[in-house]
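Dumping the structure here so I can ask a few things about it.
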Amino acid sequence: MSHIHIPDGIIGSVWWITGYLIALGIIYFVLRKVEGEEIRRKVPMIGIVTAIMIIGMSVPLGIVPVHLTLAVLSGILIGPGFAFISVFVVNLMLALVAHGGITLVGLNTLIVGTEVLIGYYLFKTLSKKLGQMPSTVIATSIALIISMTMMVTMVGSLAGLRNAMPDFHLHSHEEQLIEEGHEEAIENDESPAAGAKYIFFTGWAAVIMVFVVGNLLESFGTAYIIRFFMKVRPDLIYEKKPKELDENLKIDQ
Amino acid sequence: MEPIIKVQCLKHIYPDKTEVSICGLDFIVNPGEKIVILGPNGAGKTTLLSHILGLLSPVEGTVEVMGLKPYKNFNTIRKNIGVVFQNVDEQIIGPRVYDDIAFTPRNERMNKNEIDEKVKSVARCLGIEGLLDKIPHYLSGGQKKKVALAGSMVMLPKILILDEPFDALDPKSKAEMVALLKELNEIHGITLIITTHDINVVPEIADRVYVLNDGKIVTCGNPQEVFNQVEVMKAANLEPPLLTELFSRLKNKGYNIKIPKNLKEAEEELIKLLETKKIITDFNITNEEKVV
Amino acid sequence: MEPIIKVQCLKHIYPDKTEVSICGLDFIVNPGEKIVILGPNGAGKTTLLSHILGLLSPVEGTVEVMGLKPYKNFNTIRKNIGVVFQNVDEQIIGPRVYDDIAFTPRNERMNKNEIDEKVKSVARCLGIEGLLDKIPHYLSGGQKKKVALAGSMVMLPKILILDEPFDALDPKSKAEMVALLKELNEIHGITLIITTHDINVVPEIADRVYVLNDGKIVTCGNPQEVFNQVEVMKAANLEPPLLTELFSRLKNKGYNIKIPKNLKEAEEELIKLLETKKIITDFNITNEEKVV
Amino acid sequence: MHIAEIDQISNTGDSLFHKAKAISKLLLTLFLLTSFIITNDVVKLGALMIIVGLFFFISKVPLGQVGHLIVYPVIFSILFAILRFQQSWILGIIVLQKAVGAAMTMVLLITTTPYVDIFAVFSLFLPKLLVDILLFTYRSLFILIGQIENLVKSIKLRGGYHPYNIIANLKNIGAAIGVMIIHSFEMSDRMYQIYTLRGYKGGIPMTVALWPMKPIDYMIISLGIITLLGTVIPWNL
C-alpha cells in the first residue's frame, strides 16, 4: 500500500532523474555482485516474484478497494537485493499502464526498496525471538510506516516546494522557460514545512485512514502467506534454503 | 551398434529426501530407436529423463549418453538432445514464436541467415510457419506443443526426449503428433524417448518399451512382448492396450490370430480369422462328410 | 422429470473479445444422469461448465440450473454443485489434506465436530483416510485428484462437474476413478457432468454424450448413437473408441455383431460371432450336403 | 487484469500506429512526455492533450476498454491539485493536465505497442539480465494469471469468498497466494533447467526491429519533434 502512485509532472526533474540514476545504480550493483551462474539461476525466480507482486495488486479483497503489494514478502522470499529489482520492474510495468508516473519509477523504487530492506532485516531479527506470524506482522507494518512517511515527506518537500510557480503566469513565456531552469535549484533552499502543512490539512486525513487499513491488511496478509509456507515449505523462506538445491544444478561451463 | 544411452542402476535423492531408484534391468537405447517408457505415477520416469539430460547427478549408478556422463559434460550432451517437457508453457522463452525457435541457434552465435533458414525449415516441417510472428501465450495447447517441439528440434539433435507429449490433446491432434514423431524418426533418423500414460498409442509408436515400477526397470522388449507379461503389467498399474488385450484373449482361447498394432491391422486380422474360420470349417466338414 | 440443467444457445465473449458460442441443440441434464461432453481443443467445453457454475454470465442465451440462473444465484447454486477442475494443483488450497477438505464447511461456519465428521466420512468414501494428515503438495497425481474430489464433495452436492478428470493418470488410477465416479452416481444419485479427451472410457461411463464443435452442440445421444455418426465425429476431431470403431467396421462388412461397452463385452461378442459362424457354416454345409 | 487486456489490444490492433516500429513510438512518447513535463501553460498543455487525443483517434484504440486507466492518475492528481488550488486554481489545473496528459501518452504507447517490442528496444540500453527479468516477468505473469484465476474461482465455488468479511477473504487469498508461490518456485526451477538445456547463458536474444523505417515511422518521429518544438518555442500570439 505504500506506493501512492504519484503522477508525472508534480516532482521536479532533478529529483526524479536522480531517483532513476540511484535506482539503476543499485540494480547494476546487485547484478554485478552476484556471480554469473548464481544470478542466472535466479532470473526466472525474480521474474516470477515480480509477477506475483503485480498479481497481488489485482486480487480484490472484497468491496473495499485495497490490495496487497507483497513487497516485504518478496524480500523475505528472494532477499532484499533481488527484491529491489523486482520492485523496480513492478513500478516500470505499472507505469507503462499509467498506474503511477513513468518519471517516478526510480523514486518509487527507492522508497518501496527501503521498505523491502527494512522489512527483511526486521523479519530476520525478530523471527529469531518471536514466532513467524508476529514477526511478519511487526516487520511489515513498521516497514510500511517508514516507507509511507518517506513518501509523504518526499511528496511534501519536492512537490510542495514548487510554490514559486504562481508567478510564472504573470511573466512572459521567455522568462518562464528561463525560470524553469532555475527552479529546481531554488527549491532546495526552501523549508519543506510549508508543503507538508498543506498536505496534512487537506484531503490527506482520508488518505491516512486508508493507509492504516491498508497497513493492517498488508501485514496480516503477508503473515498469512508466511504461515502457510511454514506449514508446507519452510525451506522457501530465504536463508533457509537447503544447500542441496543448488548442488543439483551446478553446471559445467 | 554402440548404444547411444546407457543407464545402470540409478539412484537419486531429492533435496526433500525422497529417494528414487531405477535399478533392475539396464536402460539401453540404440541410435535410431523409438523407445517408450511406461510406469505408474511417481515411478521415476521424469527423474530418469532428467538424469539423461544431465540436469541431475546420480547418487549411485551410471548414466552414459554417447559415452559421456551427461552431468559432467552438460554442454556437449545438451547440444545433442532436444527435449519437450510436460508443461510446455514453461518452456517457451522467446517473446515471439520466432525468437523462441531461434533461441538456441542465437545462443550458439550462428549468423543471422543461417538462423533464419534453420527456424523457417523446422517451422515448415512442423507446419507452424504461420505462427512465427505470434506471442506464445495466445496459442492453443496443441500449437504450444508444436512450438516447444520446434524449439528443441531446431539444431537437429540426435536424440529427442518427450515427457507426456500426448497429454490433453484431442484425438486428431494426438494422431497428428504421433505421425509427426514417426516421420522425424524415419526421415531424420532421430532417436526418440517418450513417456506416456496413453497406452493405446504405444504399439503404434514404440520399437521398444521399458516398464518402470517400484524402483526397478521390471521389463523391456517390443510392445507385444511386454504387454504379454500380464502379471508384470498389472503390478505396474498398467493395462495393455485395448486391442492387444482383446486379441490376446482370443489367442488364449485357441484362435490363430496375430496381435495388431493399430485399428487397421486389427480389422484385417479379425476378418481373416472370420473368413478362414469359414474355409477351415468348410474344409473340415467336407472332409468329415467325405469320411462319412 | 424436470431437467436439473438447461442451457440454450449460449454465447460468451471473453474480455479479449474471443467469442465462444454454444448453440445448436439444447444442453439438458436430468437428475441422476451421467453426461460426457466431447469436443476438440478450444470447442468451449470448459466455458460451458463455467457458465453452469455461475462463474461467467452469458451475453446471449439462457443457462438454468435447478430452475435458477447460476450467475445471479451464485451462492445457492454453488452449494449444490461440486467441481473438480482440470488442474487440481490450482484447486487444493489447504496446507494439509484435512484442511483442504474442511475448507467449505469451515467457511460455512459449521461446528468443529460436524466438520470433523463430514471430512472423515467423505475421506472414507474415497479411500483417502490415510492421507488426511499429509501436505497435498507431496501427493501423487491420482491422490491429488481424489483430494480435490473430496473437497468438492464434502457438502454432498447434487451435481458433480469434472473437467478432464482422467488426465495424466496411469491406467490403474484411471480405472479406479471411473469406478469411483460410477459408484457415486449409483449409490448417492449424484448427477455427473464430465469432459474428457479419453474417448475409450466414454462407453463405460456415459449415459449420454454431447458433442461440441465449431460453436455448436452438434449431436447428443447415448454413446452408441453418437459414435455411429461418423461424419459428425470426424468433423469434431474425434475418433470413436477403438472397440466401437472395430466392431462397427465388422458390422458394416455384414457380420451380425453388437457394439460392446467394454473389453469384456467385446470379447464375448467376438467369441459368440466366431462360434456362431462355425455353427452356421456347419449348418449350411450340412444342409447343402443334405440337398446333395 | 489490465495488463492482459492491454496486451491483447496492442497485439491485435491494425491501425497505422500499430504497424509502426516500436522505436518510433517510443521516441514519440519521449517527445510528448518531455513536452508535458516542461510546459507550465494551461493553453499549451490543453493543446498537447488534444494532440494525444488525435493520436488515439488515429490508432483506433477502443477507449471504452482503456479509458479507466486514466481514472487512477486523475484521482491522484486531484489530491495534488487540491494542494495547488489553495494557491491558484490555474496551478491546480496545470497539475491535473500534466498528470493526465502524461498518463494518456503512456496509455497511447502501451495500447499500440506490444510489451515485448518495448522490451526489445529497452534491451539496447538496459543491462541484459534486467531485460531478461522483464521478459520472465511478462511470461510468468500470463502463466500465473491463469493459475490465480483458477485458485480464486475455486475459492469462490467452495464458499470462501465473503463480500463483507475482509479478514476471512484475506486468510483465503493468503493461502491461494501461498499455493501459487510454491508452485511458481518449482516452476522457476524447471524453467531454469529447460533454458540451460537450450543454451541460456544470460541474455535472452530477441528480434529488435529498428530498420528499415517505413514512412509512418518517419511521420511519427517528425510529429513528436514538431510537438516538442512547438512547446519549447514561445508563441507570441
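In order of appearance the chains are A, B, C and D, and numbering begins at 1 in each one.
By definition in this document, a contact is a pair of C-beta atoms (placed from the backbone, for glycine too) under 8 Å apart; a residue touches a chain by one contact, two chains touch by 3 or more.
This one's a predicted model, so the numbers in the text were calculated from it and none came from an experiment.
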*Other chains in touch with both chain A and chain B*: C, D
*Looking only at C-beta pairs in contact, point me to the busier pair out of B-D and A-C.*
B-D
*Averaging only over C-alpha atoms, locate the centres of chain C and chain D and give their separation in whole Å.*
43
*Would you mind pulling out the distance in Å between where the CA atoms of chain A average out and where those of chain C do?*
48
_I'd like to verify one number: the distance from the centre of chain B to the centre of chain C, where each centre is the average of its C-alpha atoms, in whole angstrom._
28
*asked:* For chain A, give me the residues that contact two or more of the other chains.
replied: 228, 232-233, 249, 251, 253
*Identify all positions of chain C at which a residue touches two or more other chains, and write them in rising order.*
95, 137
_Residues of chain D touching at least two other chains_ = 135, 138-139, 143, 162, 175-176, 178-179, 182, 187, 191, 193, 195-196, 200-201
*Could you please specify the touching residues of chain C with respect to chain D in the complex?*
15-17, 50, 53, 55, 74-75, 78-79, 81, 83, 85, 87, 89-95, 103-104, 107-108, 137, 151-152
*Quick one: in the complex, what on chain A touches chain D?*
4-10, 13, 27-28, 31, 36, 39-41, 43-48, 50-52, 54-56, 58-59, 61-64, 68, 70, 77, 85-86, 89, 92-93, 95-99, 101-103, 155, 159-160, 163, 165-166, 168-169, 172-174, 176-177, 180, 195, 198-199, 202-204, 207, 217, 220-221, 223-225, 227-229, 232-233, 236, 249, 251, 253
*chain C touches which residues of chain B in the complex?*
16, 39-42, 86, 140-142, 164, 167-175, 197, 199-200, 237-239, 242-243, 245-246, 249-250, 253, 255, 263, 266-267, 270-271, 273-274, 277-278, 281-282, 285-286, 289
*Quick one: in the complex, what on chain D touches chain A?*
1-3, 6, 33, 36-38, 40-41, 69-70, 72-73, 76-77, 79-80, 82-83, 86-88, 90-91, 94-95, 98-104, 106-107, 109-110, 115, 118, 127, 129-130, 132-141, 143-145, 148, 152, 162-167, 169-171, 173-182, 184-185, 187-189, 191-193, 195-196, 200-202, 232, 234-236
_Looking at the complex, which residues from chain D come into contact with chain C?_
4-5, 8, 12, 147, 150-151, 153-160, 162, 168, 172, 175-176, 178-179, 182-183
